[in-house]
Each structure stands twice: as C-alpha cells, then as structure tokens.
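Both complexes shown next keep chain A, but they swap its partner, so chain B is in the first and chain C is in the second.
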Partner chain A sequence: MNQTLSKISEDIKSHRTKQDLFASRTFFVLTVFPVLLIVIITVALYLRAQPILSEYALTDLLYGEIWKPNQGLFGFRPFILGTIWVTAVGVILSVPACILVSIYLAEYAHARTRTIAKPILDLLAAIPPVVYGVWGLLSIVPFVDDVLAPLSKGRLDSIPILSVTQPTGFGILAGGIVLAVMIAPLIISVTFEVLSTVSNDLRHASLGVGATQWQTIRNIVIPQTLPGIIAAVVLGASRALGETIAVLMVVGNVPKIPTSIFDTAYPLPALIANNYGEMMSIPLYDAALLGAALVLLVVILIFNILSTLVLQRMLRRK
Partner chain B sequence: MMKKKHFERRHLVELLMKTIMRIALIIVASSLGLILWTIISRGLPSLTWDMVTQIPKGGYYMGKEGGILNAIIGSIYLASGGTLIAIILSLPIALYLQAYAQDSKWGDYVRLSLDVLWGIPSIVYGAFGFALMIMLGMRASLLAGIIALALVELPIMTRAMDEVIRRMPKDLEHAALALGSTKFEVAVRVVTRQMLPGIITGVLLAFGRGIGDVASVLFTAGYTDRIPTSLMNPTASLPLAVFFQLGSPYPEVRERGYAAALILTIIVLFVSFASRWLASRLSKYSVK
Partner chain C sequence: MLRVTRYKEKIMDAHIQVKNLNAYYGKQLALKDINIEIPKNQITVIMGPSGCGKTTLLKTFNRFFELTENTQLTGEVLVDGENIYNKDIDVTEVRKIVGLLAQRPSPLPMSIYDNVAYGMHIHHMRKNREEYKDGVKHYLEIAGLWEEVQNRLNEPATSLSIGQQQRLCLARGLAVEPEIILGDEPTSALDPISSQHIESRLLDLKKQYTTIIVTHTLRQAKRLADYVIFMYLGELIEAGPAKEVFSNPKHERTKQYLEGLF
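Take a look at the complex of A and B:
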C-alpha cells in the first residue's frame, strides 16, 4: 500500500519534471528566434540586393547622383543625403527640448506632474505614423509656408542652409518638425530612465555642500549619465532614419541633393515605399530598392546595437 | 559682497533653467493637443455613418457613395492576427527570460536582439516580407500582412512583458518553489496570473502599434475594396486608406481621408485607454 503510494508520487514527480524539462527546452528554442531573425532579415535583403551589388560597384551606388532606373542609373546619393538632412533637422529640433523635459521630470517635477506627463508621452508614442503625416500635411506644411519661410526671407536668406529655395511648405523643415515630435517620447522616456540611475546619495552630497539643483544636475547628474543620454539620442536618430510614411507625406519627394532646410528631399524609406508598385517591371529596380532597405538596415543596426549595449550596462547599475 | 553676487547669479541660472524646462514640457505636451485638435477639427466634418458601415461603391474614389468598412475590418483582421502570433511567441520568450535565464548571458543576448529588432523600422520588415514573398512566389495577402505585423509587434510585446514580469515579487516565486513547484508551474500558474494586468498592457500596446502601422503592410497585405474572406485574399488597411485618399485629386476624397485618420486615431486612443483601464481593473486580483 505504502509502496504503491510512493510509486504514484514518484510517477507524478517524474511527469512534472519531464514537463518542466520539455517546457524549458521549447521555450529556449523560441528565444533563438529573435536572435536568428536579425540575421535572416539581413541575409534575405542581401540576397535580393545581390544582382545590383554584383552589377555595380558599391561606391558607384552610394555616391552616384543620378537616379534613372529605366536607363540603368541607380545613384543613391540624393536619397542618402535626403535621409541625413531630414533626420538631422528632426534630431536638432527634438533633442534640446527632450533632454530638458527629461531632466525636469526626473529632478524637479512633483509626482503629480509626472503622472500627468506619462500618459501624454504614451499617447504621443501611440499615435500612428500616418496620423502624424496628416497633421504635418494640414498644420506643419502651411506653418512652414506661411510663417517660417517669410521669417527667413530677407533676414536669414543669406545663410545658404536657411535660404528659401522653393515656394511650397513641403520639404526638409516640415519633415524635420514632424520627426522631432515623433521621436520625442522615445528620447524622453529613455533619458528619464537613465537619469534615475544616479543614486540619491550623490545628489544629496552635492546639495548638502550648498550647490543649487541645476549645479548638481550639471556637475553630478549629467557627467554620470552622459553615455546613456547620448545612447538615447542615437536611438531617437535611428528611429527618425527609418520613419517612412509621415516623412513621405510632407517632405516633397524630389530626388535632388538638398542644400537648404527649405529644400525638398527624398529620403530612402520614402523611395522604397513610393515605388514598390512598379519595381517588378524594370530590371534591377527591385534589387535596388531592397538594397536601399539593406543600407538603411545596416546603419540602423549599428546605431541600435551600440546604444542598446550602453543602455544595458547603465540600467543594470541600479 | 563678491560672494553675494555669485550666490545670486547661480540662483538666477537655476530659475532660468527651471523656466526653460517648464516651457519645453509645455511645448511637448501641447504638441499632442495640436495633433489631436487638427485631426478632430478636420476629420469630424466629413465623418459620416456611411464611412464606417459601407465598403467603397463604384466611384467612391471620385467622391461618390460608400465607406471604408473594408479598411476598418481589414485592419482589425491584420492587427488581431499579428497580435495572436506575437503572443504565442512573446509569452514563452518572456517567461523563459525570467524563469530560466535570469541573469544569464543568453538572456542578455536575447534582450539585446529584441531591443535591436524593436528599433528596426517597419519599412524594413515590409521589404523583408516582400523579399520572402518573391522567393516563395506568394502574392500580397492577409496572411503575409499578418506575418509582417507579427514581426513588427513581437519585440514590442516581448520587451513590455519582460519588463513587467521582472517586477514580479520574488517572495511569491520563492514560496511556490519551496512548496515543490517546478519552474514551469511557477511560470504558468503564478507569474502569468500575478502579472496578468501588465501582460495585457503589453499585448494591447503591441496591438495599437500594429493597427497603425503602414510601411509593413504596404508591400505585404496589398489593398482591395472587398472585405477579405480568406487568408490568401489581399486586404485593405485603415492607415493605407488614409494615405491613398489623401493622394487623391478630388477634395471630397481627401476630406474623407482626414475622417479616416480620425477613425484610426479614435481606435488607437480607445485601445490605449482600454489597456490602462483593464490594467487597473485587473490589478486588484494580484497579490500585493
């Protein structure tokens, strides 16, 4: 009697340990998927871009200035520079405000202000890109056209990068403003998290010897967290690099190398999205567009891996 | 005297910085207000009952009768399917990271790759999906769109769940282990129940991201005026409906594009509020 009971309990136990073992193995296999997926995406895009990479030298593609797929001319330079311009304007507009907001929320704000600010940032992050695009089209493009361009005309016009070059509001500045708002929630939340890793002992020590709060922030908090803040900005920049539809709707999409923030531009993601329909009908066109996606992916991967490594190390310290 | 002047100056700086920061916060917060106001004030006038109850009829894209029910239903299909696949992958991965791979090197690699995947723009997922479709000889379909969206949603959902499960009270886990539970039993019976509110928040967050995503479904799901009846049908989506209608030369159609943007915004805000409400509602069943 006793023996059968212990046998049954043995059976149950071994069944349960087997179940545990099985689950841990299955779960482990699933965790391989995300790691592998990065490799698969890169390889798949590379394979599809292979035909054009074997036809042309990489430097010709990246530095070539003329984009005429039906004549076999695939110069990515205007698109690459367009991407860089729009991203740079977005980041420059966004970063100072974002860092100030995160410092305020982390160091000064009452708990109540934070509980109000959090859902606002969550909602900003939740708004779909296409809605940002509609907003850009309805508000920002006219704003650039009616307010910012006349402001620059005659005053700042002599500075080449601020000269008004075309009569519509569509262009880099409009794209940059939309991007600045889109990447703000990401930069703010990451910077906020980084700032809260600084131990309160350090703050109290600084305040205790008579420093003001701003002095404490400038001399203690920021030097300690600078790598993390830079990582947050890089994350924001890589988000801006890949943003497609919102930028596409306001940036003008003219494949010309920009020289001023009032110029139109044609960023890489917009190029891919705009031409998917016809890319199968012209030789090498699809390879060129998937190659564009590959270029974008590689740059973003580098940005992301570096900044994530920095953040993983910083946020562990807590 | 000198000392006093120095003292005043740094306090002035303090005040100045604080004011600038407040202004920055107000600018960021009011941009949300501006966006919502623009979408509501321009979208509401052309929002009609027909838009949400009918599919496009002949001549819809020239400003005639019809609605965008096809895109609304299509988006719900796409996002639900994508979310479902993402849950099936995410939950085990998040549980594994906490139950079996706590503080392990492998866990770090998985988290790193999830963060990196999270940063990959959806246009790249779309291009990847398209590359796969060419290789497999598939055409744009609901299924392809669902798979592309699942890839977009996977890292968002898994990282959200991981963050939540990390906050699981250790005592509770230890108590269950001390009673002889296996790690699997703890994961399924204790962690998922205790952390249900957070898990649901993660799922809805990913769903909201999925339903608003354009660039990934642009290549993979296609567009059609019909409501899909099979996984192999091409499928319209709400963000694309906004985008296409805005490109129209007819002002009436563009107006309806604004209304479609309003519908999309309402859905996304609804999902966002629902997740907040559900999380606070369900959290009372958790052990405090």
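Take a look at the complex of A and C:
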C-alpha cells in the first residue's frame, strides 16, 4: 500500500519536474532568440553590404559627397550629415523643455498632478509615427514656411546655419520639430526615473538648512543625476536617428549636404525606406543601401548600449 | 479613552509654543490637539512608544511635515512668538532658524568642506573664501570633528564613518546659525561611542541652543533631558521638568512607560 503511494507520488514528481524543465528550457530559448536576432541582423547586413565594401574603401563611402548609383557613385556623406542635422535640431529643441518637465514632475508637482500628467505624456509615445508625419506635413511645414523662415529672413539670415535658400518649408527644421515632439516622452520618462533615484534624505538635508527647492535641485539633485540625464538624452537621440517615416515626410529628401536648418536633407533611414526594392538592377545598389543600414544600426546600437549601461547603474543604486 | 493631562502651567521663557495642533496623514489623525511650550536653551526630550507621533510633532517645528504628500495641519506653532505657519512666513527662514539632525546621517554628495559650507553659501553668510574657511573650521570644531578631518577636507563626505558623518551633519546644521536644534533619534544609527560623542556635543550646545530630541531609549532621555514630553497615540500625555516626570510621573501611562511595561 505504502509502496504504491510512494510510487504514484514519484510519478507525479517526475512529471512535474519534467514540466518545469520543459518550461525553463523553452523560455530560455525564447529569451535568447532576440539577442541572437541582433547579432544575426548585424552579420547579415554586413554580408549583404560586402560587395560594396570590397569595391570601395569605407572612407570613400563615408566621405563621398555624390550619390549617383547609376554612375557608380555611392557617397553616404549627404545622408550621414542629413541624419546628424535633423537629429541634432530635434534633440536641441527637445532636451531643455523635456528636462524642465521632468524636474517639475519629479520635484515640484503634487502627486495628483503627476498621476494625471505622466500617463498623458506617455501617450505621446503611442501616436503612430505616420500621424506625426501628417501633422508635420500639414502644420509644421507651413509653419516653417510662413512664420519661421520669414522671421529669419533679413534678420538672422546672415548666420550661415540660419540662412533661408529653400522656399518650401520642407527641411531640417520641420523634421527637427517633429522629432523633438516624438522623442519627448522617452526623454521625459527616463529623466523622471533618473531623478527619482535621488533619495529624499538628500533632498531633506539640503532643505533642512534652509535651501529653496530650486537650490536643492540645482546643487544636489542635478549634479547627482547628470550622467543619467545625459544617458536619457542619448537614448532620445538614438530614437531620433532611426526615426524614418515622420521625418521622411517633411524633410525634403534631396541628397545634398545641408548647411542651414532651413535646407532640405535626406537622412539615412529615409534613403533606405524610399529606395530599397526599386531600381535594384543597378549594380551594387542593393549592397550600398544595406551598407547604409549597417552604418545606421551600428551607430544606434552604440548609443543605446552606452546609455543603457549608465542608466542600469543609476537605477540599481535606487 | 485616554484622559489627557494637559500641561497648563506657563513656562517663563518658552522658545516654541504649540497651540491646538492637529496633524493628519490623509484622513488619519497623527497629532491630536497638542498644546505645549518648549523652554529656551534647554534640552527637551520627546519620548513615547513608536507610532505615538513624536517624530511627526518634531517635523512640524521646521515645517518638514508638509514635505510628506497628502498631509494636513491645523493649529499654530509659534517660534519666538511668531506663527511659522503664517502665510507670509518664508519657509526657508524657518528651516534656517530650526535645524534638523536626521535619524540617519545624510552627508551631501560633496566634500567634507563643502558640506559645512553648503548652508553658508545658500544664505550668502560670508564675504570671501577666507571667511568661509574660518566658518567651516569653527563649526567642525564645535561639532568635535575638526581634529579628525582637518587634513582631509576635500575628501568626499561619504568617506567618513557613520558616526563622523552625523557630527558632520551637526556642523552643517550649525553653520547656518540656527537657534533651535531638532534631533530625530539622532543616535539610533550610531555605535555606542559615536552616540556618546553626539550626546556630549548636544549637552555642550544647550547653553546656546534650544534643543529638542526625539528618542525611544529611556536611558538616553534620562541622560539628556532637562524637560520631558511624553506622548501616546498622537496625544500629549504629560510634560514637565525631567526630574519631576522621571521621579514622579502624574499619569498612569507615563508611569507604565517609565517602568518599561510597553
């Protein structure tokens, strides 16, 4: 009697153990998969870009200024600079406001304000990029054309990066404004998290000697969280670097090196999205586009890894 | 229901007067109609079992209570006859006059020197570098830390031991020239020798400062107190000169607490 009982319980036990083992192994594979995917994509991009990389020196590709695939000219430089310009304008427009909003939410706002405002800000991230693109097309491009460009003309025009030569409103500034709004929720929520890692004991130590809240923020909270705030900005920048459709719709897409925020630009993601799959009969065209994708991927990966490392260290401290 | 013996007798030289003070966390009443006067230049010890509202009472004296969200306060706290909860009172002035020594030492993330100079800078209390240096030295001496740190002023404050950190916090608090020192169980995180250091500093300082200490150790209360406040469940049960309260408590609860019954 006893023996059968123990036999049964042993059967159950082994069955449960097997189940457990199966679950943990399946989940492990599922977890490893995305990690592998990054490696696979990077390697695949590299292999597919190999033809052009063996044909041209990497420096020629990166510094080449002319993009004429049917003549065999594959200069990435206008696209790389276009990406940098649009991203830089977006980040510069977005960051100051985002940091102030985060400080307000983390330091000044009542709990009630915070619980209402935070989800709404997060909701900005849920708007599809194409909707941002349409908004940019219908509101920002005319705004740049009708308000900002005339504002610069004759006044700030003499400053090279503000000169207006391009009369449509499409361009870096429009793209930058759209990007600024798109990356705001990410920068705000990460900066908010980072600010919340500062212990209240520290805030109270400062307030306790009669410092104002602003003095406490400036002298204690910000110095303490600066690496994390920078990481939040870098994360926002890497999001901006890869943003495709919304930027593509407002930025003009002319493969020329920009010199002013009112110029048009042609960022790397737009180049790839606009052209991949067309005119593939041109030799090396496929390899060139995938090479562009590889450059973009590597830059964004580096940005992401760096900021994630900094943020993980800060949040662990919490 | 508890019967509250309210302390009615006027203290000649009251530094803080609390009138009809009620404090709420959300809807929960944490302080019930507190009326008390705290004598100048003495050490007042607030004691009572945990959760009795002693820290809450202490935090109403430097307006730290309002830093907790969703709190509410009615009544008055008068410092030198002026209600610190008046609308036109500058809260940073209150906190300059009423310094706080927290339960755990909380050195600011900067050098030892800068920790002491911090408050002086905030209030622009000195004219030049030399004066700041003198000020930092002066207050580190008062806090009994100068000897130990004079050669390492530029090291981060966190490199000090916990006991040293608490004396640094004392120096930082004193540097803005307060009149009142609050201590929220200021030795509870410290080892016995460090605690002794802090206690002896507080005893030295009581001639110049009104000191109010919250403690849960009876022995510390007996060592420090000139004046005692005993609280229970948010109410003030008994208050009076230390000798009287310790030797002849009027209220049954106080007697039980002093006998260690709870």
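The rule we apply is simple: the second predicted complex is superposed on the first by the 316 of 318 C-alpha atoms of A that agree within 3 Å, B and C clash if a C-alpha of one lies under 4 Å from a C-alpha of the other, contacts with A are read in each partner's own complex, and residues count from 1 in each chain.
Methods note: a residue touches a chain if its C-beta (ideal position, glycine included) is under 8 Å from a C-beta of that chain, and two chains touch if they have at least 3 such contacts.
Just so you know, these numbers come straight off a predicted model, no measurement behind them.
Once the two complexes are overlaid on the shared chain, A:173 sits clear of chain B and of chain C alike. By the touch criterion defined above, A:127 reaches chain B but does not reach chain C. Look at A:137: by the touch rule set out above, it reaches chain B but stays clear of chain C. Contacts of A:110 after superposition on the shared chain: chain C is touched, whereas chain B is not.
In the overlay built on the shared chain, the residue A:212 is in contact with chain B and with chain C.
Taking chain A as the reference chain, the count of touched residues is higher for B when chain B and chain C are set side by side. By the touch criterion stated above, A:38 is placed in contact with chain B alone, chain C being left untouched.
In the superposition on chain A, the residues of chain A touched by chain B in one structure and by chain C in the other are 212, 215. Those residues of chain C that touch chain A in the complex are listed here as 62, 64, 67, 69-70, 92-96, 99-100, 102, 104, 106-109, 118-119, 122-123, 169, 172-173, 175-176. Residues 16-17, 19-20, 23-24, 26-28, 30-31, 33-35, 37-38, 41, 44-45, 47-48, 96-98, 100-101, 103-105, 108, 113, 117, 119-124, 126-135, 137-139, 181, 184, 188, 212-215, 235, 238-239, 241-245, 249, 269, 272-273, 276, 286, 289-290, 293, 296-297, 300-301, 303-305, 308-309, 311-312 of chain A touch chain B in their complex. Residues 110-111, 199-202, 204-212, 215, 219-220, 223-224 of chain A touch chain C in their complex. Listing the residues of chain B that touch chain A in their complex gives 10-11, 13-14, 17-18, 20-22, 24-25, 27-29, 31-32, 34-35, 38-39, 42, 89, 92-93, 95-97, 100-101, 106, 108-117, 119-128, 130-132, 134-135, 151, 154-155, 158, 182-185, 187, 205, 208-209, 211-215, 218-219, 239, 242-243, 246, 257-258, 261, 264-265, 268-269, 271-272, 276.
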